[in-house]
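Several structures are given next for inspection.
First chain A sits with chain B, and in the next complex the same chain sits with chain C.
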Partner chain A sequence: MRADHPDREGKWAWRLTGVVTVCVYVFMFAPILATVVLSFNASMFGGFPLTGFSLRWYEKLLTNEPVLDAFRTSMWIALVTATVTTLLGIMAALALVRFEFRGKQAINTLVILPALVPETILGVGLLVMIKAVDQPRSMTLLVLGHILLTLPYVVLIVQARMVGIKRSYEEAALSLGAPRVSTFREITLPLLIPAVLASVLLAFTISFDNTSASLFWRPAGVETMPTQILSMLKISISPEVNALGTVMILLTVGIPLAGGLILQSLTWFKAGK
Partner chain B sequence: MTKGWKLYDQRLAWVLVAPVLILLTLLLLLPIAMMTVYTFFTFVTAGVESAVLTFDNWKEFLTDSYYHGFLWKTVRVGAITAVICAILGYFPAYFIWATTFRHKWLLLLLLIVPFWISFTIRTFSWIHILGEQGLINVALIRLGVINEPLPMLYTEGAVIMGLLHFLLPYMILNVYVSLESIDRTLIAAARSMGCTSAQAFREVTLPLSMPGLGAGLLLCFVLAAGSYVTPQLLGGSRDALFGNLIYDTIMGQLNWPMGATLSIVLFVLLGAAAAAYSRYMGLSQIMKGLSA
Partner chain C sequence: MHDDDSHDQRPRPASAGAAGDPLAQGERQPTGKPAVEFRDIDIFYGKFAAVRDFSLAIGKGSFVTLLGPSGCGKTTILRSIAGLVDISSGQISIGGKRVDDIPIYKRNIGLVFQNYALFPHKNVFDNVAFGLKYRNVPKPEIVRRVKKALDMVRLPGSETKLPSQLSGGQQQRIALARAIVFEPEVLLLDEPLSALDANMREDMRVEIKKIQRETGITAIFVTHDQEEALSMSDYIVVMNAGLIEQIGSPAQVYDQPATAFVANFLAKANMLPGSVTLMDGKIATIALASGHVVKAAAPKALATGSAVTVVVRPQKLTVGTVGAANRLAGRIVSTSYLGGNAVYEIDIGAGTLVRANTLIDGQPLREGEIVDVCFDPLGCVLLDAQGLRIA
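Let's turn to the complex of A and B:
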C-alpha cells in the first residue's frame, strides 16, 4: 500500500501506475469517441479528416427500412430473452442457494458453462441439433439460444444477492403460516428487486448485442441489429454506420445509467423520509 | 400447496431447478454430444452427409497442415492477447485498489460501461483509428511524417488490438476483485518489518492477487481464442482464427461433419486450458470475476 511511508522506488512505481492507468482508459474510449465524432461529420466518407458538422446521416438513418427492421427484431428478441431468462434464473438461484441436494455442485458448474464455451461452438451445436431433427432455423431457436447465452449471468447475479438475504426472514413468514408462494412474493422478491432489475438489464443488453452466435442461428433473411451493422460494414465504412453506432451507444449506455440513477434516487428518497 | 414437504425439501429444489436443467440439457449437453457424433459422419456434398461412420474427418484434421496452421495461430494470438492484457490490466486494477481518490466508483463504472456498448461497434470503431482514413494515418500525413498511409488495419496486430480493447475490462475487474480481498494489514506488516515497497509488492501483494490474475488470463485466452467478429472486421484474410474457420466450413462450404470436428477440437483445446487452470485455482474465481 502506497500510503505508509512510501520510499523513492515506491513513488516512481506509483507514478508509472498512474500513467499506465490513464493510457488504458484513453485506449478504452478513444475509438468509441472517434465514432461518435465522425457520425456528425459532413464528409461523404466514414473516416477522417473532419470537414464540417452535419446531421444528415441521422436523417438518412430514420428512413433506412432494413435498419429499422433489424432494430425492431432485436428489441423483440431482447425483451423476450430478458423476461424468460430472469424468471428461470431466479428459480434456479433459489434452489442453488437455499437448498441442499445431490448434484448441486455439478448443476452450479453446468449453469456457468455457456459463458465459458465460445459462441461459435454453441452456435454450431444448436444448428447440428436442429439439422438432426430436420427443422429449419427459426425465431424460436434464436430466442432459445439467447436464453442459453444470458442464463449464467442472471443466475450469478441473483445468487450473489440471495446469499445476502437472511433465511430467517422467510422462515419467520413460513412459521407464521404464510404459504410458500406468498412468502416469496412478500418477503424474498422485494429483497431481490435490485438483482432482478440488474438481471433484466444485463440479459437485455447481452441479447441485443449478440453477434457471433446470432450469425449462426438467425433464420434466413432475418437481421438483428449487430448482424445488420456487420453486413453494412461489408460494403464500406459509411457515415451512416457511425450515426447508427452513436444511436446504439446512447441507448445502451443511457438506459442502464438512467435506471441506476432512478434506483439510486429512489433509495435516497426513502432514506430521506 | 406443499403440505407434507419439509421446509427445505429436496423435491422442491428439483422443481425449481428443473426448467434450467432441461434447457441446458437440450441446448448445451445434447448439442455437444451430437456434434461429437457428427465428427464421425461422412461428408457427401455441400449440405449433405450420411450416417456412415468414418474417421476421415479426424484423419483430415490430424494430417492437413492447413488446419494445424489455424490451430497454432489461434493459440498464439490468444496467448499474446492474454499476456498483454495481464500486463496492461494489472496497473489500472492496482491503481483503483490503492488510490485514495474519493470517487473510486467512477473509475469502476467506466470499466463496466464498455460492456454495455455493442461489441460490434467497439470493434469497428478501431477502423477509425488504424485505417487509411483513420486518426493516426491522417494525423501523420498532415504533419508530413509519412507520405503514404501505414498499413496497420487488416493485420494480426489490429486483431490483437481489437481483442485487447474487448478483454481489458475483464482482466482489470478480475485482478481488482482479487486485490480487494487482500488483508491490507499484511502489507503494512511487511513494510514495518523492513521491506521496501517493491519487496512488499513482490512478496505479499503480487502472490495474493495471483488468483485474479490467473482467472483473468484464462478468461482472456478463452474469449480471444474463441473470437469470430474481431478477426472478421479488423484482420485480413490471413488473420482468420479458428472461429472464422468453423464459420466458413459450416456456413460457406456446408461441410457439417468437418465443421463439427473443428468445433470439438476448439472445445477440447479451451476445455483443457480451463481444466488445467481449475486444478490449481478452482473455477469459483472465474465466477467471482463474471459476477463482479
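Let's turn to the complex of A and C:
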C-alpha cells in the first residue's frame, strides 16, 4: 500500500496510521497480557518487576475453597442460563419470523429491551420487584436474571439466521410428507445449528462474565467468579487474582474461539442458498 | 382436434363456473375422475381477493398451465392445492377426495419451487429419498427408486453430491426427481424455469414435458412466460386479477383469444378499434379509428354501427404483399432483425402503431420506408365493446 503514496505527505500519513494502530492494540491487549504474565510471577506482590517463573499461584487457587466454590457456581449458572436461553430464543425467533400475530412488532421490541437498558438499572429493578413481593434473593432469581440479560442477544442471533432460511425448505419437506415436528427436526434445526451454537456460547460467556447485575441478585453468601475476584481485590492485590484472571480469560476467550472453529467445520453447507 | 368453442370461457365470474366441465383430457379417459378439481374457490388475504370464483377440473395425466401476470392469483391457486394457502370458500378435490381439511404433509403432492429448495445440508440421495422415507418405503426399495428417478432426470450417480456442488439446472432436475419419486397424485410446478438462464430454460422445458409424458403424472404448471405455456401445455388457464380469462388449448388461446386481455397478454396482438359499416354474409366491413376500412370474418351478423376491435397477431400481418384483401398503408417506425424474420413497428396514421412479424429473405426493410401492411379477413378475431370475443 505504501507504494501507492510516494509523496512525503502520504508517507507520513501511513506512518501515523501505523503508530496509532499499534497504540490502540497495546492499549487493548496490554492489560490482558500483564494479567497473564504476572500470574506466572514468583513474586509475593501482584505487580512488576518479575522475579521468576512460578505456578504457585495456580496451585494456591486449586486449594482455595471459596474460589473453587465461586467457579462451580458460575459454571452452573452459565450452563443453565445458556441452555434455557437458547431454547427460549429458538422458540421466540421461530414465532417472530415464521408466524404472523397481533402485537408482533411490540414483542419484537420488548424482547431486545433488556439489552438496551443499563445493567445496573435492570439489577436494581429486579431486586426492587423481588422485595415488593417479599421474596428472598435466591439462586433461582440469579439464574432468571441471567436469562433476562442474555435472551435479547440469543433472540437476535437466531432471528437473523432464521430469516436466511428460506421458507420453501420447510414447505418442500411438508409437501414431501414430513409432519411439522419432523420438518423442524430434519430441516429447520440443522440449518439453525450455527446460530444455536453461537447462542449457547454467547449466553454462557455473558452469564459467566456478569458482575454488576450479579452483585445485586446473588443470595447472601454466594459468590460468582467475578464477584469473588471483586471481593478478593478489596482485601489486597494478591497474585492469585492474576492467576484467576488468566483462567477467566482462557474460558471466556477460549470457548467462543473453540465454537468458531466448530462452526467453520460445519459451514460446508450454506443455509442462505 | 377439439370443437373450438366448447372450452372458451367468458371472463366474468357468473359464467366461470362452467369451467368446471372436465377438460378434453378427461374425455380421452372417460373412466377416471378428474385428478384435481376446484369448485368455486375464493381466496382472500385479509380484504384483498387474490382469487375469485375459480372453478376448474383437470383430467388425469394432463399438463395444465396457469398463465398470467404477477399478482393474477396463479401461484395462490397452486399453493392452495398444496395446502400452503387456505381457501376462503369453495372446495378442492384431489383424486376425487376433498382435501380442504387435510394437512399438506398428507396430501401426496409433488412440489417444485422456483428456487429449487433442495435441502442444503442433505446430499442428493437424501433429498430425493426424503418423500419415500416418510411413506415407510423399505430401504432397498428406496435405493432402487432413487436410482430410477435420477436416471430419469439424467443425473445418474449423483447420489453423494451436495446441492451446492450442482449447477442451477442440475439442482432443478434433482428437485424434479424429489417431487416425482414417490409418485404423487399431482405434480405442482411453481415457475420452475424462471431462475435458469435462457439456454438451460429451453432444455428443461423439453425435459419436464418428456418426463411428464413418460410418467403420465398430472402436472400443474405456473408461469408468466407465454412461450413456456404455449410449448408445454395440453391446456392453458389464462388468469388476470384473480379471475379466469380463458381456458383452452394453446392453439385456442392463441388463435381465438376470448378477451382483450388474453389477446394482449399472449404475443401482444394488434388491437384495432373501429365500427361495423356493412355486413355481407360472414364478412363484416369495418371502419377503423385510424381511418382505414378493412374486412373481417364475423362468426355472426353484426349490427351496423356496433363498436368492435379487430385483433390481428403480428405473425398474421404481412408487409408489402400484393393482392391481400386488407391493406393498410404506413411508414416503418422501427425494425428488429431476428435472423429468419423481422419485427416491424409501422405507423398507419392517426397515432396507431401496428406490429408485424414476418419472414424475410435477406435484408429487412429500413426504418422510414413506406409500406403496405396486409392481413387476411380470416386471420383476425373480433372483440365486442366489452372486450369479449364475438363468437
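We take it that the second predicted complex is superposed on the first by the 242 of 273 C-alpha atoms of A that agree within 3 Å, B and C clash if a C-alpha of one lies under 4 Å from a C-alpha of the other, contacts with A are read in each partner's own complex, and residues count from 1 in each chain.
Just so we're on the same page, a contact is a pair of C-beta atoms (placed from the backbone, for glycine too) under 8 Å apart; a residue touches a chain by one contact, two chains touch by 3 or more.
Just so we're clear, the structure is a prediction, and the values are computed from it rather than from any experiment.
K.L.:
Once chain A of both complexes is superposed, is A:S168 in touch with chain B (first), chain C (second), both, or neither?
P.N.:
Second partner only.
K.L.:
Is A:M75 touching anything from chain B or chain C once the two structures are fitted on A? First, second, both or neither.
P.N.:
neither
K.L.:
Does chain B (first) or chain C (second) touch A:V247, or do both, or does neither?
P.N.:
A:V247: touches no partner chain.
K.L.:
Name the contact category of A:L263: first (chain B only), second (chain C only), both, or neither.
P.N.:
Once the two structures are laid over each other on A, A:L263 reaches no partner at all.
K.L.:
So, does A:A34 touch the first partner chain B, the second partner chain C, both, or neither?
P.N.:
In the superposed model, A:A34 contacts chain B only, not chain C.
K.L.:
On the A-aligned overlay, A:L151 touches which partner chain: chain B = first, chain C = second, or both, or neither?
P.N.:
first
K.L.:
Who contacts more of chain A, chain B or chain C?
P.N.:
Counted on chain A, the partner with more touching residues turns out to be B.
K.L.:
After superposition on the shared chain, which partner residues are touched by A:A13: those of chain B (first), chain C (second), both, or neither?
P.N.:
first
K.L.:
Taking the superposition as given, does A:M139 touch the first partner, chain B, the second, chain C, both, or neither?
P.N.:
A:M139: touches no partner chain.
K.L.:
Tell me the contact category for A:P179 with respect to chain B and chain C: first, second, both or neither.
P.N.:
both
K.L.:
Output the chain A positions appearing in both contact lists, the one against chain B and the one against chain C.
P.N.:
171, 174, 179-180
K.L.:
What does chain C use to touch chain A in their complex?
P.N.:
These residues of chain C touch chain A: 82, 84, 103-111, 113, 115, 117-121, 130-131, 134-135, 162-164, 178-179, 182.
K.L.:
Using the touch definition from the top, list the residues of chain A that touch chain B in their complex.
P.N.:
The touching residues are 1-7, 9-10, 13-14, 16-18, 20-21, 24-25, 27-32, 34-35, 38, 45-49, 88-89, 91-92, 94-96, 98-102, 107, 109-122, 124-129, 131-132, 144-145, 147-148, 151-153, 155-157, 159-160, 171, 174, 179-181, 205, 208-209, 211-212, 215-216, 225-226, 229-230, 233, 237, 241, 245, 248-249, 252-253, 256.
K.L.:
Under the stated contact criterion, what part of chain B meets chain A in this complex?
P.N.:
Checking each residue of chain B against chain A gives 1-2, 7-10, 12-14, 16-17, 19-21, 23-24, 26-32, 34-35, 38, 88-89, 91-92, 94-96, 98, 100, 110-111, 113-122, 124-129, 131-135, 138-139, 142, 164-165, 168-169, 172, 184, 187-188, 191-192, 196-198, 201, 222-223, 225-229, 232-233, 242-243, 246-247, 250-251, 256, 259-260, 263, 266-267, 270, 274, 283, 286-287, 290-291.
K.L.:
Quick check on the complex: what are the chain A residues that touch chain C?
P.N.:
Residues 166, 168-169, 171-180, 182-183, 186-187, 190-191, 268-271, 273.
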